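A short worksheet on the structure shown next.
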Amino acid sequence: MLLARVAGTVVASRKEPRLDGLTFLLLEQLDIDNEGTGGYVVAADAVGAGVGEVVMYASGSSARQTEYTFERPCDAVVMAIVDSWEVGGDDRYTK
Amino acid sequence: MLLARVAGTVVASRKEPRLDGLTFLLLEQLDIDNEGTGGYVVAADAVGAGVGEVVMYASGSSARQTEYTFERPCDAVVMAIVDSWEVGGDDRYTK
Amino acid sequence: MLLARVAGTVVASRKEPRLDGLTFLLLEQLDIDNEGTGGYVVAADAVGAGVGEVVMYASGSSARQTEYTFERPCDAVVMAIVDSWEVGGDDRYTK
Amino acid sequence: MLLARVAGTVVASRKEPRLDGLTFLLLEQLDIDNEGTGGYVVAADAVGAGVGEVVMYASGSSARQTEYTFERPCDAVVMAIVDSWEVGGDDRYTK
Amino acid sequence: MLLARVAGTVVASRKEPRLDGLTFLLLEQLDIDNEGTGGYVVAADAVGAGVGEVVMYASGSSARQTEYTFERPCDAVVMAIVDSWEVGGDDRYTK
């Protein structure tokens, strides 16, 4: 999994039918110092994350292992909202 | 998923039989400012996208989770045409 | 999928038994201007491609979705020989 | 698999229900000289690794092939604690 | 698949039980001129490769398609020992 900050949303009305009902979040990836890298991914939201929150997302086939995304053409899913993370006992982020 | 602009098409008459009937689009990937990165991917089109449109595509095994691509040797699929996307309330693209 | 030019071949007599009978092609990846990038991948050949031809290949589990590669430890397959591809109506390659 | 050093932990109380009970470790990836690259990944811990230990992790669908991670939306798992590794007979790391 | 040279070994006594009996090789990836790139991967050995040999490895779910690695948390496998490979008729490596 990677850490990312919810940066925005993507709206798409014309899509594969199996995607109906999914919310798509635009995530900016974070580096090991909790800074945005400029890289992004669009992920389905399985946990109700809001803009500005730090989240974890899973990619690939693992992204389909939620009730929300099962058997859908979706390759990234937000599967947790992060409370805090630390490196060597040093907090890099606390909600 | 990643965001991309439909840049062109790929024609291939000699191919694996399971690919018959698929349309292959050449997608230029977009960065977080909606600018082309110069990177591309060729994706099957599950939604009838046209050249110039901004789309989302899924990669890997998730690309086979449409009726169109099921059990085919296809690792990228356009699964949505984007209406708009925004970062921090600031529209980066509106159709 | 990505576009590549067939650059050479790889010979391996000692291999996993399930790979018997596969031909392995060395593919040089192409950029959006149809120039070689210097990057390569070794792919099984499902379509009888020849050296110098421009092809499309699929990666990951999708590479096993041909009769030729089914349930084999193979993560890249040439699944089409390209006739032509264009960007914005401008031919980048014609066979 | 890649080699990494356990650098820290990630705490997330609001998450996909199938993730309950998993411990998430922040791993810093190592280069061929056993130095940290600055790159990281968050992985579920299947072996009880501690901060500072050198571990191997598996990514993608393979990350779900432990009893601990089976059918969970998890794309990286620590599957071994490394005792030692060497290149050309030269120890790069010994626990 | 990618080409690599067997550079060393990784020893791990504490690991996921399904990994018992696997040998882990440290592979240095090769570029299109048969030179080491400095990049590496750790792969299970399905063919009995020795240090210094040039091999092919498969990644992702395809790495589990050998009898040796089936349903194990393993994302890279050496599936062939290379006898030779050439680019445009020019041998880049002969065993």
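So that you can tell them apart, the chains are marked A, B, C, D and E in the order they are listed, and the count of residues begins at 1 in each.
One rule holds in what follows: contacts are C-beta pairs under 8 Å (C-beta built on N, C-alpha and C of every residue); 3 or more make two chains touch, one makes a residue touch a chain.
Just so it is clear, the structure is predicted and the values come from calculations on it, not from any experiment.
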#### Entry: subunit E and subunit A - chains in contact with each
D
### Query
What is the distance, in whole Å, between the centres of subunit A and subunit D, each centre taken as the mean of its C-alpha atoms?
20
### Rounded Å distance between subunit B and subunit E, as computed from the means of their C-alpha atoms
32
### Query
Which subunit D residues reach two or more other chains?
60-61, 63-64
### Task
Counting only chain pairs that touch, give me the topology of the graph as line, ring, star, complete or other.
ring
## Note on the structure
Around the ring, subunit D then subunit E onward, we get D, E, C, B, A
### Task
Within their complex, state which residues of subunit E touch subunit C.
1-3, 31-32, 46-48, 56, 58-66, 69, 77, 79-90, 92
### Message
Going by the contact rule set out above, which residues of subunit E touch subunit D in the complex?
### Response
7-16, 18-19, 24, 26, 28, 38-43, 51, 60-61, 63-64, 71-76
